[in-house]
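Presented sequentially are two complexes of chain A, the first with chain B as partner and the second with chain C.
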Partner chain A sequence: MAKLELDGICKGYDRPILDRLSLTVEEGEFFVIVGPSGIGKTTLLRCVAGLEVLDAGRVIFGGKDVTRVPPYRRNAAMTFESYALYPHMTVFENIASPLRARKVDKATIEKSVTDVARLLRIEQLLDRRPHEVSGGQKQRTALGRTLVAKPDVFLLDEPISHLDAKIRHELRRQFHTLQELRRVATVYVTHDYAEALSLGDRIGVMGNGGLVQIGSAREVFERPNNIFVARHLGQPSINEVACSISDSGGQITLQSASGNFVFAAGGAQRGLLQKAKGDVLVGIRPQHVRVANGAATGQIAEAKVEAFEALGATGVLIAEVGGIALTVLTSPEDDYEPGQPIRLALDVDQFLYFDPAQGNNLQTKAA
Partner chain B sequence: MTQSNYKLVKILLLLFLGIWLIFTLFPLYFMIVTSLKPVEEINRMIPTFWPETMKFNNYAGIFADPGSLKSLVDSVIVSVTNTALSLFLGTMAGYALARWIRGVIGENLAFWILSNRMFPPVAVIIPMFFLFDSMPWGTDSYFSLIVLYLVFNLPLATWLMMVFFRDAPRELEEAAYLDGYTPFRAFFKVTLPLVFPGMISVAMLCWIFAWNEYLFANLLTGTTVKTFPVHIPTFTLGSQTLWNLVMAFSLVAMLPPVILFIVLRRYMVRGLSLGVVKG
Partner chain C sequence: MAQVTLTDVNKIYPARDRVVHAVKDLNMTVEDGEFVAVLGPSGCGKTSTLRMIVGLESISSGTIAFDGKPVNTLTPEQRNVAMAFETYALYPNFTVAENLGFPLEVRGLAKADRDREVLRIAKLLRIESILDQKPGQLSGGQQQRVSLGRALIREPAAFILDEVMSHLDAHLKFQMLFELKRIHRSVGKTTIYVTHDQVEALALADRVAVMSNSLLQQYGTRDELYHRPANRFVADFIGEPPTNFFAAEIAEEAGTLALKINGSSLAFQPDEQRMAALRRQPVPQAIVGIRPQNLSLTPVAGAPSVTARLILNEYLGEQSIVTMEAGGTSFRALASPDFRPATGAPVTLYYRSSDVMVFDPNTEAFIG
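This part shows the complex of A and B:
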């Protein structure tokens, strides 16, 4: 039971992976790190666990500097992406392993393991070996092994990414309700944005070198500070339109690079003109464009249907607007034919504006 | 048409297998038969393929002969001690090479160790003799044979164990560290059980070499220590060779490896395929 602090940690191999990353995860906090594969999320966890030697910086568990403490004395528990279950031991022995390492007496081990197994609903599997149980059960065994240890810091590396959707959903619910996880500092790594938004008390979006943005699910989703963050969160992903910006009689007008998609920015965007220096990258989430019915008001763009996918809960429409392909979220009951002309209502107040060179959000940065 | 072709192939295959079986099994058969013959019957110009008088007293003679028994005991002492040492040192060295000594140094060191196994043993036989002769324990001792066989078995054991350790997932060891095991305990709890089938294979290979080795044993030892391959030639007398005793003794000496192979076959196959199929 302790908070986790990372103070300017650096780690690199042939190129820097983590560059002066600082982060505090409070006791009881569920912190989710989301980012594309290969960006260094696992490396970060391994640094916290002590499996990697830092190039610089400090790792602090509950006020105690553990930077030079080897992993077996850190009291951190970690699940590996591959689960890393011991193939020659039964499920029971796997879960009991941290307790045996600490030389806990037999009766206590028996009780702790059975309790955890019941919690994770794998108590009927205790005598089996890892290769005799399913993927979801392996994952729960791995989780059980970390739960019995009662560690100071929980590190979960893509624990449910490789499972099928149904078990994933079930385990996601389990993460919400596990009190054991709610009492310690937890760092959870995933590449799935929905998992991140659903589970995290706070979310850190990881880019090259470190965390690009840290915030609540709502913050990072609605106010991404960089196009990288916006790009990574949301499915279908955000539309990016390179535009030139101009002032035409008190109205800020944006014109796509291809020239034929023109719209006016909302009234709140006066400051954009100064910051954008002529060019701006507009981020349009698919849910902020609607197919307009006859009487729609506001900003309307004429478009043509390119493709339509009905996905059960939603429909995804690819519309062509003045040479730009826009992804639009619609109702799945709708039906569109390719080539059919439609009108799109633009919810311009929700659009995001980024600096085309650095990708920084022009609304939040230095506003 | 295809049906009869298929039949033809099958017949040819069976024929080939039959011939191959004769080639491999006949010597064994003839050994057994010869070991049961009395001495008058062994040197017939037209050999008998079934003993005219079957006697088991060749075996009885071997077990009654202190020299023969001692040679078997010597072989056991030398081969078992050597195997234990090879396995212990090879496992430690292999683990170090697989996990801790990395990069250019590790690669070259590993290759150099293996290259020790590449020269023909005969190349070093004379230097070895003088080397051991200058040692305080001399040439004719258990110690000299045990140490000498390490020259051949240790590179093999080290190299194979290194390959097995490289194939054992590192993550399991790391998981053990996070469970709270020190590197030393993690090695015994997690890593060693993973390579156990490999260790059995390595032990068998080392043991077979030490058990069967003749050349060096013959050169270095022969009086105080006499392993069974060195003892067999003593059945050759001035006027004739007692083939019946040679065969009986060889069969007795063959028994331990055969039994061990049958018992440990399961592990052998798993060990040799350890690198192929990842668990």
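This part shows the complex of A and C:
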């Protein structure tokens, strides 16, 4: 049992991937790293495991510097996206392999493997070989092999992203409830923001060079510190509208830089925008704009339907408002024709404001 | 353009020690201009079906016809079906324009005609600005569009797409779903789309053919699959989070039927129509299915409800998934992201009795 500390780690190939990244994952914490593919999430895990040599910085397990300790002596267990099971061994032997390598006695191995298999509901598969079990069962076998090793640090690389929805939901629940995982420091990597929000005690959103924001699920989703974070979390993606701010006696009006989309800022954000002046990048999540019915109150924008598609569980509407295209969520039962006039209710209090140069959230920057 | 008909189609692969029956007695028609998805888990027979339609695989028995004319003995070229794969298979040394124009060049079209066609397709796919670039310089989504464009440019009888989005990341996938629907609408060609992802299938297709264990389980619209699934498998495979299932006893009290969930105090009330169907059941047991989307935390006047203990609240940004437990059974519901109950708290969920699905406990077929 140990906490994990990363102190200013640097790693690059032809370009820097990790640039002075520092992070502490507490004992018992489930830390999720989310980010677009190719950004360096797996490289970070490999650095922690010792599979990569750092260019600079330190990796510390439980207060002990392990930067120069080889991977097999670090007591970190890693699962790979590709499972990496031994094809000639049974499920039992695969799970037992780290214990056998440590020359643990037979009776203890038998008990540990059976316990873990029961926990993961694969006890009836112990005699099968990897090619005889499904993808979800392979994944659970790989997970069992990591759990049985009782490591100080768990490193999980996209462990469920290739599985069917049903198994994904089941495993997500197991990650929440497995006490074995909740006793050590876990670093979990995924590109799926919903998975990250669901699982992480804290979430690190990774961008070029390192973690752009670290926070709880609600913090990173509702108060992203940068447009990059807002853009990566949520689907369909957040609408981004470049606007100019005008202030007439305390009434703050925003007008889109191109076209003619105009709205008044919400009460809570007035002060902030008064100070910001000039230009601002407005982030509008699709769920914060609704197609208004007759009785709707609040700010309404006249719009026209540009396109509408019912995409399974949701309807996605692209509305043209004063020359700006906004993505709006609707019910899939709805039907809209291109060109049809509609009215949009704007939930302006939920809009996010970023500085156009750096993309930083004006609200979190001020706070 | 073509109507594609499969009649009693079977695919049998002889293996060394046993015979693999990959597709069993498949009957289905894809109408001219229709967008159909063939959906199922890996190994269900969907890829074999697709390969037989294209002509990459022989048909063990039965008939595949385009516009009523059997194509069993025709080569893939003679069938004039265009196919796009999961891997883009673009020529790395050709520019986007050359990749798009290649099928026309093979056919001996003059350069001016080729250029005009390439531009038309590029506009449709919104890739005019990258015509001079090579595949290596493009993003995954752009490569996928070029690959689609090359299939489209051939003016095929039908258009076959095999898992074309499975390795795009979520944002790109969402965009591509939207684009692909738009493109299909403007081209209006018969399209058969093979996928294991129910979200893609429901988003894109006019009708979805759900396959499992070499058999067609159901062929229908999104609404039919969602509200009247042929059996438990379809109900389970369609929709996310997955449908909640409960083993239940059919209990009659004062003229109405209740479905009492085994091992717990929960009971669901089916609507009149289902009650009538349940009364005809030979055994007093049923499997109850209810979708997480159909269990609401907001009280609905007059609606029946169930109360259970909250064991997990997963905040997902736009929504939350809550998991409840009652007497050893657990199930999920969708909640607003603002919902913040304490774990262990009792939660009451309201539902419409018309959303309670019932299945036969032995055959798992849909009762009502």
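Everything that follows uses one rule, which is that the second predicted complex is superposed on the first by the 348 of 367 C-alpha atoms of A that agree within 3 Å, B and C clash if a C-alpha of one lies under 4 Å from a C-alpha of the other, contacts with A are read in each partner's own complex, and residues count from 1 in each chain.
Just so it is clear, contacts are C-beta pairs under 8 Å (C-beta built on N, C-alpha and C of every residue); 3 or more make two chains touch, one makes a residue touch a chain.
Predicted model only: the values in this text are computed from it and were never measured.
Engineer: When the two structures are laid over each other on chain A, do chain B and chain C clash or fit?
Structural biologist: fit
Engineer: Which of the two partners, first being chain B and second being chain C, lies in contact with A:Gln358: first, second, both, or neither?
Structural biologist: The answer is neither, since A:Gln358 touches no partner chain.
Engineer: Is A:Gly312 touching the first partner chain B, the second partner chain C, both, or neither of them?
Structural biologist: second
Engineer: Could you say whether A:Leu233 touches chain B, chain C, both of them, or neither, answering first, second, both or neither?
Structural biologist: In the superposed model, A:Leu233 contacts chain C only, not chain B.
Engineer: With the two structures laid over each other on chain A, which partner does A:Tyr193 touch: chain B (first), chain C (second), both, or neither?
Structural biologist: Once the two structures are laid over each other on A, A:Tyr193 reaches chain C alone.
Engineer: Could you say whether A:Asp164 touches chain B, chain C, both of them, or neither, answering first, second, both or neither?
Structural biologist: After superposition on chain A, A:Asp164 lies in contact with chain C alone.
Engineer: For A:Ser246, select first, second, both or neither according to whether it touches chain B, chain C, the two together, or no partner.
Structural biologist: A:Ser246 sits against neither chain B nor chain C.
Engineer: With both complexes superposed on chain A, which partner does A:Ser331 reach: first (chain B), second (chain C), both or neither?
Structural biologist: So A:Ser331 meets neither chain B nor chain C here.
Engineer: Of chain B and chain C, which one touches more of chain A's residues?
Structural biologist: C
Engineer: Given the touch rule stated above, what does A:Asn260 touch, chain B (first), chain C (second), both, or neither?
Structural biologist: Once the two structures are laid over each other on A, A:Asn260 reaches no partner at all.
Engineer: How far apart, in Å, are the nearest Cα atoms of chain B and chain C after the overlay?
Structural biologist: Closest C-alpha pair between chain B and chain C: 13 Å.
Engineer: Within the complex, which stretch of chain A touches chain B?
Structural biologist: Spelled out, the residues of chain A in touch with chain B are 49-51, 70-73, 75-78, 80, 82, 84, 86-88, 97-98, 101-102, 131, 145, 149.
Engineer: Name, in rising order, each residue of chain B that touches chain A in their complex.
Structural biologist: These residues of chain B touch chain A: 169, 171-172, 174-183, 185-186, 189-190, 193-194, 279.
Engineer: Which bits of chain C are touching chain A when the two form their complex?
Structural biologist: Those residues of chain C that touch chain A are 41-42, 169-171, 174, 177-178, 181-182, 196, 198-199, 202-203, 222, 236-237, 239-242, 293, 312, 314-318, 321, 323, 332.
Engineer: What does chain A use to touch chain C in their complex?
Structural biologist: Residue positions touching the partner: 36-37, 135, 164-166, 169, 172-173, 176-177, 191-194, 197-198, 217-218, 221, 233-237, 285, 287, 307, 309-313, 316, 332.
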